[in-house]
Amino acid sequence: MGSDLFEISVNLIKMIIIFVMMVQLVPLLVWVERRGSAFIQNRLGPNRIGPLGLTQLLADAVKFIFKEEFIPEKTKKFIFYAAPVVSLIPAALAFGAIPLSMPINIEAFTMFGESYGPYRFAFQSFELGIGIVFVLGISSLGPYAMLMAGWASNNKYSLLGALRACAQSISYELALGLSIVGVLLLYGTFDFSEMIAAQQGPLNFMWFGKEVTLGFLPNWGIFYQPLGAIIFLTAVFAETNRTPFDLPEAEAELVAGYHTEYSGLKMNMFYIGEYGHMMAASALMAVFYFGGYDIPFVTAEDVNAGVTWFGQAIDPLLTTVASWAPFVGDSLAEALGFSANKAAIGTAFVFHIAMFAKILFFLWVFVWVRWTIPRFRYDQLMDLGWKTMLPWALFNTIITAIVIFIMRTNWS
Amino acid sequence: MLNFESLAAIGLNHYLIVSAALFCIGMVGVLVRRNVLVILMSIELMLNAVNLSFVAFSHFSQNINGQVMVFFVMTIAAAEAGVGLAIAVTIFKRFKEVNISFFEQLKG
Amino acid sequence: MDISVLLFYGLSFIVLCFALAVVVSNNPVYSAFYLAITMVSLAFVYFILQAYFIAGVQLIVYAGAVMVLFVMVLMMFDLKKEKDSFSKGRMSNFLKVSSVGWLWGLIAGAIYMSSDLLSMGATLHNKDGVGTTTKDLAKLLYTDYIFAFELLGLLLLLIAVGAVAVSRIKGGTHA
Amino acid sequence: MNSLAPIIALTIFVVLFGTALLFLVSLVGPKPKNSDAKNSTYECGIDVQTTGHSKISVRYYLTAILFILFDIEIIFMYPWAIAYGDFIKEGQGLYMLGAMGVFLLIFIIGLVWEIKSKALEWD
């Protein structure tokens, strides 16, 4: 292993940063959701507080903290309080397992006079060889938070909402799991990093034992698995209980679903869990079908060269600044030992921005669909899950298996 | 005899003893509880104990056969839980009763 | 002291405590939640044992499916606080528990006595895991165990039919 | 690779974070002023007639059990899916396709039977 204190502490800080990033995206998403709905419905949305209403988020957060803390009588107190906390765990763990950028290879450097060996930091909370199975397993723990909330509230709306949410998310988990089989057949691995590595470069595949390359398209999963991608995206909408599948919260029938009795920050924590689930789903969508942190037609070497060039271009500026203020700038960077690793960190940052752009795009799709498509009826929802999407996912699996068999077999 | 080294170096024995304890807890549950659902849960505990020993043996002998067996046991356990719960739900709907001693009176 | 030793003792403690809580808890819904925690902790124990795929399956099948089914059924039942959750007869209960305790002592003693026979590997993480990856599992599962695998598929089909048929008895599926 | 410690650490951190938030609110927020109307279970304004745990349709349960059985069948496909490429390279692709074909046939029979038997109907 050879892990020392520096490596462990960097990994811990990284883990906390990724979690806090997930939590901090939630108010931003709420703002996007409100402004987006206003934009789609030709309204204004929150625009009074701060530029474009952006500080509305801060005001909301403060409001939630200063709300009165009370729970209704006849609730099971411990489970009532535990449910919001439990709802955070699956989202955080699932999001932490997904690589958000390429790993940073830090060369040996010295800091404050002590030398530290070469490191490899992955841009994710933990690297797992069985990435997909872990993420599926962890997100299948999601129903517990809903069931706990619904049962502990001692309210029939809550319980009905919880059962509906649970039945819905387990029904669509089948289509979700089956649509992933196509991805697994394609890449032959559970590991997210290997999947992303397999999607680099231009579109190329084996055609009856010969290799075919199409230079004008990136080698992304969407071109091999279009049906699987559609099924996956739809199933994810149902898993996260978003419109058009927000039956558990159907306010016309069930008041507010499983969190009817929750108020203030406790309800907000359910929202954090739900949005965290959405972020994990968007990241998975990007990794499976859109190349992860891959930028089309640009290799890691190109980015590295660009970053190095940029660093050299601004280097005189930095030197000038450093000469003005001797405590910051180059001397500090030299003391921290990062000068040798500037390019590696910069490259990882560029790829991180690419990944983040993809995640934000799919999050916008979530918002977009919510304000475009009306809600399903419950029997239609179940019919869609069991009688339409499951057979189509099965069809996708069979076709993928047969096509891969025909194409990759050496027929000579 | 029992010393610190044998506690700090986790071997197969440790896992087997945990597995045995888990199995015995499940067994106590089956013997002393009267709610048929809790009895089913205790059976799941016992099956999990067996799985744990399978995985431990598989790891320490570097032989994957044990994991295949665990896979099969999990399947059977899920099937057993499904049918057991189906029967329990049917009886509960009919008689509003989940006590195991009541089940003795069910005669065809 | 390796971190995995700490993890083993912590997780085993959690597993055994919550298993005990399943058995002694008065409310079956709490029992189900405790059992779910036991299952998740056991998945992490499988993780220490480098059975990663089995750990994932444990999470998906046991914690994510079977226990959710248990919790849903218990919520459907709406049981009041159970009056007689334990079987009657203080003497017979004492005999049951003590005999199970004797059994555990016997097994533990046997394991302890035969520890020389069992000591195939002394410590954790001293093997590089060759031949125990998920692909190896797949190669074994779909060649040597192919018959059992297809039969399990058939069994699952029969269980599905059986469960639907059982829930149809008297009154159909309309509760 | 594949180490457990970060997963446990993140779980503990998230639990601590959530608990801290709950405590923060009870520390900072105003003290609740209780009244009967406020403490009662939300029921659109009318008095609560029954307990919150009324009878629930058995369909939820039936959906859950069918989910378990199909879920296991899907899990059985995962090792097959990742080993499929290797098997094709070794020239055993047709065998694997056949082995999974039989399994998928059983899966399809089960699915068709469930749909035909109206076990999945919600009305």
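Per-chain residue numbering starts at 1, and chain names A, B, C and D are given in the order in which the chains are listed.
Note that in this section a residue touches a chain if its C-beta (ideal position, glycine included) is under 8 Å from a C-beta of that chain, and two chains touch if they have at least 3 such contacts.
Small disclaimer: the values here were computed from a predicted structure and weren't measured.
Of the two interfaces, A-C and A-D, the higher number of touching C-beta pairs belongs to A-D. Distance from per-chain Cα centroids to the pooled protein Cα centroid is smallest for D.
Subunit A and subunit C have Cα centroids separated by 31 Å. Between subunit A and subunit D, the centres computed from C-alpha atoms are 19 Å apart.
Rounded to whole angstrom, the centroid-to-centroid distance between subunit C and subunit D, based on C-alpha atoms, equals 18 Å.
Taking the mean of the C-alpha atoms as each chain's centre, subunit B and subunit C sit 5 Å apart.
Among the residues of subunit D, those in touch with two or more other chains are 2, 7, 51, 53-54, 56, 58-61, 64-65, 67-72, 75-76, 78, 82-83, 86, 100, 107, 114. Among all residues of subunit A, those that touch two or more other chains are 128-130, 133, 151, 159, 163, 166-167, 170, 173, 190.
The residues of subunit B that reach two or more other chains are 74-75, 78-79, 81-82, 85-86, 89, 93, listed in rising order.
Here, these are the chain pairs in contact: A-C, A-D, B-C, B-D, C-D. Of all the residues in subunit A, the ones that touch subunit C in their complex are 79, 128-130, 133-134, 136-138, 140-141, 143-144, 147-148, 150-151, 159, 162-163, 166-167, 170, 173, 190. In the complex of the two chains, the subunit B residues touching subunit C come out as 8-18, 20-29, 31-35, 37-38, 40-42, 44-45, 48, 51-52, 55-56, 58-65, 67-68, 70-72, 74-79, 81-83, 85-90, 92-94, 98-99, 101. Contact residues of subunit C toward subunit A in the complex are 29, 33, 36, 40, 43, 52-53, 55-60, 63-65, 68, 71-72, 75, 134.
Interface of subunit B with subunit D (complex): residues 74-75, 78-79, 81-82, 85-86, 89, 93. Residues 58, 61, 65, 68-69, 72, 76 of subunit D are the ones touching subunit B in the complex.
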